[in-house]
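Here the chain labels run A, B, C and D in written order, and each chain numbers its own residues starting at 1.
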Amino acid sequence: MDKTTLTFEQFQPLIARFLADCQWFWPELLLIVVIALLLLSDLFLPRSKSRNLFFLAMLGTVAALLLVAWDLFRQTHGAVLPKGGEYPFPYLFQGMVIADKFAYFCKIVVLAGTIGVIAMSYKEKRFNDYTMGEYYTLLLSSVLGMLLMVSATDMLMFYLAMELTSIPSYLLVGYHRDDPKGLEASLKYIIYGAVASGIMIYGLSWIYGVTGSLKISQISLGHFDKLFSGLVLLMVFAGIAYKISTVPMQFWVPDVYEGAPTPVTAFLAVTSKAAGFAFLLRLVHALRVSEALPASLPPYIFAFAVIAALTMTIGNFMALNQKNVKRLLAFSAIAHAGYLMMGVCVFSDQGQTATLFYLAGYMLMNLGAFYIAMIVANATDDDNLTGFNGLGTSAPFFAGSMSIMLFSLIGIPPTVGFVGKFQLIASVLSSLQTVPGWLRLSLILLVLIAVLNTVVSLYYYARILKAMYFEESKHPGIAPSALNTVTVFVLAAGTLGLGIFFNWLIEGAKGTL
Amino acid sequence: MLLSLAIFLPLMAALVILFIPARYKQAIKIVSLIGASLCFYVTLHVTGAFFSREPGETMDHFFDNKVEMTLSSLKVEEQNALRPILAAKNFAYPAKSVTLTEAEQKAIHGLKLDHVWQQLVEMKLASGVPQAKKMLMTEYYEWIPSFNIYYFVAVDGLSVSLVFLSALLGMLCIIYSWNIEKATKGFFSLFLLLISALMGVFLSLDFFLFYVFWEVVLLPMYFLIGIWGGPRRIYAAIKFFIYTLIGSVLMLVAMIALYYFSSPQTFNVISLMSLAPGFSHDFQWWIFLALFIGFAIKVPVFPFHTWLPDAHVEAPTPVSVILAGVLLKMGGYGFFRFNFPIAPSASQDPFFVWMLAILGVINIVYGAFCAMAQKDFKSLVAYSSISHMGYILLGMAAFTYASMQGAVLQMFNHGLSSALMFLLVGVVYERAHHRRIDDFGGIGLQMPYYTGIAMVGFFASLGLPGLNGFISEIMVFLGTYQGFSVAPNTDKMILLYIALSGIVLTAVYILWTIQRVYMGEVKNEHYKEFKDINAREAISMIPIAILCIVLGVFPKLILDVLQPSVDVIVDMMKMLGK
Amino acid sequence: MDTTILISSIILFLPLVAFIVQIHIGRFFKREGDWLPTSAVGIGLLLSLYLFATMLGTHPTEHGAGLKPVMQEWEWIRAGSGLGLLDIRFGIYVDNLTVVMLVVVTLVSFLVHVYSMGYMHGEERYNRFFAYLGLFTFSMLGLVLSSNLLFVYIFWELVGVCSYLLIGFYIHKDSAAAAAKKAFITNRVGDLGFLIGILITVGVAGSTMFSDVFASVATGMWDNKTIHLTSGLSVSLLTFAGLLMFMGPMGKSAQFPLHVWLPDAMEGPTPVSALIHAATMVAAGVYLVGRMFPFFTGPGFFQGNFFDSPVLLSIALIGGFTAIMAATIAVAQTDIKKVLAYSTVSQLGFMMIGCGVGTFAFALFHLFTHAFFKACLFLGAGSVIHAIHSQEMCDMGGLRKKMPVTYWTFLISTCAIAGVPFLSGFYSKEGILTQALAYAFYHGHSPQWFVYALPFIFGICAAAFTAFYMFRIIWLTFHGHPRDEHKYEHAHESHFAMAMPLVVLSFLAIVSAGILPGILTGKAKSDAHEAKAAHAVSEFWFVNYISPAALVESMPAGYEWVGGKLQPRTAKEQNFLKIQESKAVAEMHHCHTQAHLPTLLASIFVASLGIFLSWLCFLGPWHSKNLVRGPLKAYHKVLVNLYYIDWFYLKTVVALTYLASKICGWFDHTVVDFLVNMWGWITVRTSDVAGKVDYYGVDGTVRMTGAVTLKLGQKSVKIQTGRVQDYIALSLMLVVLVLFVFMLLV
Amino acid sequence: MNFNWLTDIGLTHYLTVSVVIFSLGIAVILAKRNAIAILMGIELLLNAACLNFVAFSHFGNGAQSGQVVAVFIIVIAAAEAAVALAIIVCVYRMFNLIAVDQIAKMKE
């Protein structure tokens, strides 16, 4: 077994390259430091003070976000780039991780979402009697996992990143130890998640076996038997689908979203979905670029289109009769995953920019919706829709911003939701010209299904509007708090503003191609 | 600058109102009145341009200068790269498509001038279109370059009448709703938002901008009906919302398909008109159908009309005045601005001509019969609106100068007469707090001055000569007869005769209502002490009544405004027809 | 601006100004502003009399006596250009016929204004009544003066609305409201036909001007155009348009199928009945037939042959049948105003016979004379009603001594209408009957000669019945012993304001045809010889001025667009508007002279028979034997129920419309209301109950789609069982499903 | 040269064994009611994947990275097991039963 053993000389350039690569890894490193600090501080701080660990966590995330922005700025303005090693610059650490514009865009989205989630966690009433140290540690480690997942170009790295994201979130879901719903949710979540990642890694093993390497760019299953390549890719997709909650693996979503504390639900709904879609987009891009598959793309397009259609329809129809607000927003999250899948399924650059744009927009509006749902739940201790009754009169600001969020979720023009959905439909319609005949019909059908789902979705979103504005009932009113008002204002202004001046975001998303 | 002012003035007033604390009700009302009247004042200026000798720069000059300006702002070598290519292309009216050869593509891409080229082509195409010669006060700013979306706003005869109508009715409704006490701040800000969205719909010429304003109209209406409405208001509000949303999502798909299938991909409606003949017939067919359904729901055409009676019965009076007066015209306006110019060969397709004619006749006759069967005063007026909108469809099916102009005039006239009728119903509702027609009686004696105006309102909608309803009806009939006596569609003449029976049916249900409400014995004592209309109601009703009479006696006033822009649509179609 | 045009526009717009001022601030003037409209119409009357005098005074040229027609036009609606041009112009056209009609309208309207000052004194909405009268006069004058068929239609409808307002004046009376509605809707049905006629004419002639319409008939634009209604039957377009256009006059002048509104219109105050149902509104129909006579006759008109047009034949038959039917009904009525109403319908039938058989001149002459004595009758009846406060003849009786002035004026007018010789009614009715008999002789040899004889037969019988029921009124109201003592004491002669019009009208009833022709004809004959007038000069002044030739020949050429401005068309020689002599004219002249004597004798005999019979039944020996209960019971019952026509309409047309509206209302509410009714909580709860299929049926397709969607939503949520293992199983199943789909396609 | 299935253990044998283990894992997860049994099933899945990686890295032309992945999988399996057991303990303390199909209060 004469596998080459590396001599020190050969080893030295690798270390140099490794150290150079670390220059581009600051946000993640900073997070690791913050996580460590959080763990340590938890030991010293008394239970009552653990709440203000919030500031440390928030500081860390904001710093990470700034670092990402700084890296992006540096990269485009002639910073010294690490050389040597078989993988050119954007690939760091032997091609495991990449630091291209796509990764930076997604990192910004993930980190921005996390800032919102952290703000929510600070205000969540039920966290008052829990030590928050572990909470923030788990949260930030999960975020670290997402940052890696977003920039992973190696299937192994993706698997590790997914596990690093999932495992802390299992615990986060069950953080309220004395809440039966929470525990039940986390039990289901861990079992379901473990099975999904098990299936995925099994699929990956087959891909590794057949192609010899786990690098995404080398995945080419074109010349294999159709059944085998279809099954293997589907098993891998099963793992990703669990993360982004589309059709085959979306059954866990309602129970976990309802059971988990609201900040964690928001975290799962927004950031982990964004990371999942980011990797799926990268995978789809790799499949499209590697010449092995382009000839046989249409069946994949059709398969993803079917998945998109099924996800949308199931999400919207199941949401029709929901009483619990979080469960309703869970199904709406599934539905939105369906809309996002529409962008992915066309395998085109236009599709990718549309999906990224919608991810950013979705983060804003969904975070806002969950935030206000949490505030209302805190004020009225009633998780159901009836909690919203009479909000219009008692808290007009929050009711107004909730309406903006809901209109954006439905896809009514002046909001970012509409612009996102407009681009998704545009990407599907623009791909009509380059697609064979039989597929053109099914894509038109997909667009019609999406359009009809918008109308169906109007019904259950409008039920919240009905509760807020048309029901005459005594609403206790919401305790004024600076953080709440500021965050909700930022989110609402973002949703509305992006609805009108969204050209810069499109350019940003286009830049990631 | 005038048009943007007209659109955003009410919006600014709405924002100002948001900052006034809710308890200063009077201040809120005054601010909203100022906002609405300012907007009306600006609209008067805009309409004035159409009557003055030198109406100002038309759109084709505007675009020619803009093309020169953008070209001169480029660097020299870019200019002499672009000018020859620009000169080579053909931008005359039915310029089916403008494509670049491989070499030109590379050259432009090399100089990173793609976006500028796209803008130049769009402007050249737009200035070639005959309709551009009739458009005034053009404003053209870049909004979203990556999707070639521009803030493109202009006005011509067709839109100025509807803009004037919405500004006038907006102001009058604000005066009329002076006594709204429930959440006045919310009511007035939503109402002003509604007015500015309506102005936007009628003035915008970029499909995306039009669609944004089209949907923005939906939001305030949902809340206005839902919060301040009658007993079944929630049902009516959601029904209205869902109906219109179905229509507008179909429009969204059509809009995007148009964007991707037009060769220099554009949302600019005017340049789409120039590219429209290039689309294949069945593509135009599907686009026409999608747009038709979207607009038909708003007009309301027969199968999609069931939201209108519910929305009207439940909406508060000022809202249902705006709903009947202006919102129904958005659909009609859409046909003239989008359906015909952008899908020309599909609009001559016998299937659609038959469909328009038949649906128009059904609207007239079925609407009249349903109106007869109504117990509620407001739903009777709602069904009469459905019946009157049938004339517009008939006019469009005939597609002659007179019938098209009659249809456009019918939109304006029906706006006035139905707004007046709803105000009348509102006045009676405020006193009697119910709208069951059979329980009224003998109001004529109690409130003579009110009954006088009511007579003008009801007889205007009856189509009595000397009032505005008659002018548009007679033009539609004359035009349709001319249209249907020509070879291809002579067998539609029977439809015209059935439609003509409409004038008798309208007379029946209106006179029957007048008899039951205004004439006869006073049924219950409570009505004895009804006071006649007070200042607030009078101010909001009398201008409309005067307009009805003036336009009835002297229609030249508005026909000179409408004629150039409606005739140009028909000429464009005829030019393509050959 | 020509002087006659200026004068006529003043006559036209004065009442309109009076209406506008009166309606707004009338009640603040003294005597509630009744003097304003009256003076406006008075000035109008004076100006019309001035025009009338100029007409009579003009020297008869070879074109014919009377004014030289003048026209002035202004632009109203322009749409489109080139082939699709629609150009409607408002215009005033004045010729002999217009001047005569101006006089009739303004005179009667003025007298009614004066009369209603007295009659309506103390009424609640007094000023508003005078405002409506002003508007009515304006629209009537507009109708007569306009040069454009469409504007005739516009003023036609305005007159309809004024009659609606006036009939419904007693706003608190339910019956008045119903009558007003009935009048307007029946008129509207007539107008529908008129409108379709106009549409067809515009389609063929290209414009609505009278000159262009007649030109199109003359130059043969209508010749080969036919319209095939059902598979077999195809009718010439001109006849079809003519019949449709005649529907307008049928509605307005209450001819047979559309006459049901006139008796109910008696709900309005009596001056209104007099104004509307004696002189003016009903005359509009006859005026239109007169004005459009060349159109109704067709191309034959320009060869002088007015006797072969199917349209005119049907006009004559309808007119005849209306005359006889209305006359018979009048016999059985007890309400004095109802009798007069039916007598008007019958007299209008007469005029239609006149037009139908070809002498529209005598028809208009009869209109002219009828206006006066019928107005006098109505106003007389009004003063009787005003005196004894009841319209039923059974309350009256023996009022002769109490109300001498009313009695004598009433008697004169009754003789005039009954056709007693040497009174105006006799001459005009006799003229029509002679022409009807001549028409019968002219078509004597054709196979269906009986059909052509019908107008004359109807005419004679109607004349008989007219005499009978008119004198019945005289006997029942003025003679015999008073049936109601209380009312008899109370009766008194009406004061001057009401009596003066009666006297004037009765004087005109005598003079308007009888003596006048004697004076004028003499002069007319001499002038004619001097000017070698080609047309036969008849002894009646009226006929010289209103002849077919005068109607058409010197019609001005109208206006045209020259460089965006309206200029009068250069009067190039319009030879096609001349009436060439032809064989038919000579033949008819022969029949006419042949028919002259027999009709004279027949009409005198018939009139006296009618008078004698009515004396016999109501004052003479048969007075006691109440015939009504006895042998004539069945006929009486039929007549009282107005031949059950009203009942028939109620059962068919009205019931059908009501039923149709009920069906549409239900259909709309349940079946078509198919919006996605997701909001219906009720549907969610009840839809759970299996087997509720009927509920969906009733609930309408909308609510069903709504309910189905909700049901779907409910059922699909059930797969979230809450157990993790089910989730994993389902997921794996879905993975396999997607794989299967993927395999299926590739 | 004859290739005797029984004697020459090749790549296919490992793959068949891993497929068998994988399907057993799935069967256990779906069949057992006890949460801990399900955990065992999950472990089986991960081990099957591990086996595959090692087999491919040995027989396949790939570099030794297969075994590196196997090590990672083992580590992650351990982490997952730890967290799962922690949650199961809490669940037991709350519901004092860990029959997965009974802990299902949150449904439709």
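The rule we apply is simple: a residue touches a chain if its C-beta (ideal position, glycine included) is under 8 Å from a C-beta of that chain, and two chains touch if they have at least 3 such contacts.
If you're wondering where the values come from, they're calculated on a predicted model, not measured in any experiment.
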Shared chain contacts [chain C and chain D, defined touch]: A
Result of counting contacting C-beta pairs for A-C and A-D, higher pair: A-D
Chain centre separation in whole Å, for chain D relative to chain A (CA means): 27
Between chain A and chain C, centroid-to-centroid distance (C-alpha), Å: 80
Rounded Å distance between chain B and chain D, as computed from the means of their C-alpha atoms: 66
Mean-CA-position distance for chain B and chain A (Å): 43
Two or more partner chains touched - positions in chain A: 187-188, 191, 195, 254-255, 318, 455, 459
Touching two or more other chains - residues of chain C: 676, 678-679, 717, 719-720, 722, 724, 728
Junction residues of chain B, two or more chains touched: 234, 238, 242
Listing of all chain pairs that touch each other, if any do: A-B, A-C, A-D, B-C, C-D
Parts of chain A lying in touch with chain D, wherever the complex brings them together: 3, 156, 159-160, 163, 167, 170-171, 174, 177-178, 180-181, 183-188, 190-191, 194-195, 198-199, 201-202, 204-206, 208-209, 212-214, 254-255, 258-259, 318
In the complex, chain A residues that touch chain C: 187-188, 191-192, 195-196, 226-227, 230-231, 234-235, 238, 247-249, 251-252, 254-255, 296, 298-300, 302-303, 306-307, 310, 314, 317-322, 455-456, 459
Interfacial residue positions of chain C with respect to chain B in the complex: 23, 75-81, 84-86, 125, 128, 150, 153-155, 157-158, 161, 164, 168, 171-174, 176-178, 180-181, 184-185, 188-189, 191-192, 195-196, 199-200, 202-203, 657-658, 660-666, 668, 672-680, 702
Complex interface listing, chain D residues touching chain A: 15, 18, 22, 25, 29, 35, 38-39, 42, 45-46, 48-49, 52-53, 55-56, 60-62, 64-66, 68-69, 72-73, 76, 79-80, 83-84, 86-88, 90-91, 94-95, 100, 103-108
Chain C residues touching chain A - in the complex, by the definition given at the top: 676, 678-679, 684, 709-710, 712-714, 716-717, 719-720, 722, 724, 726-728, 730-731, 734-735, 738-739, 741-743, 745-746
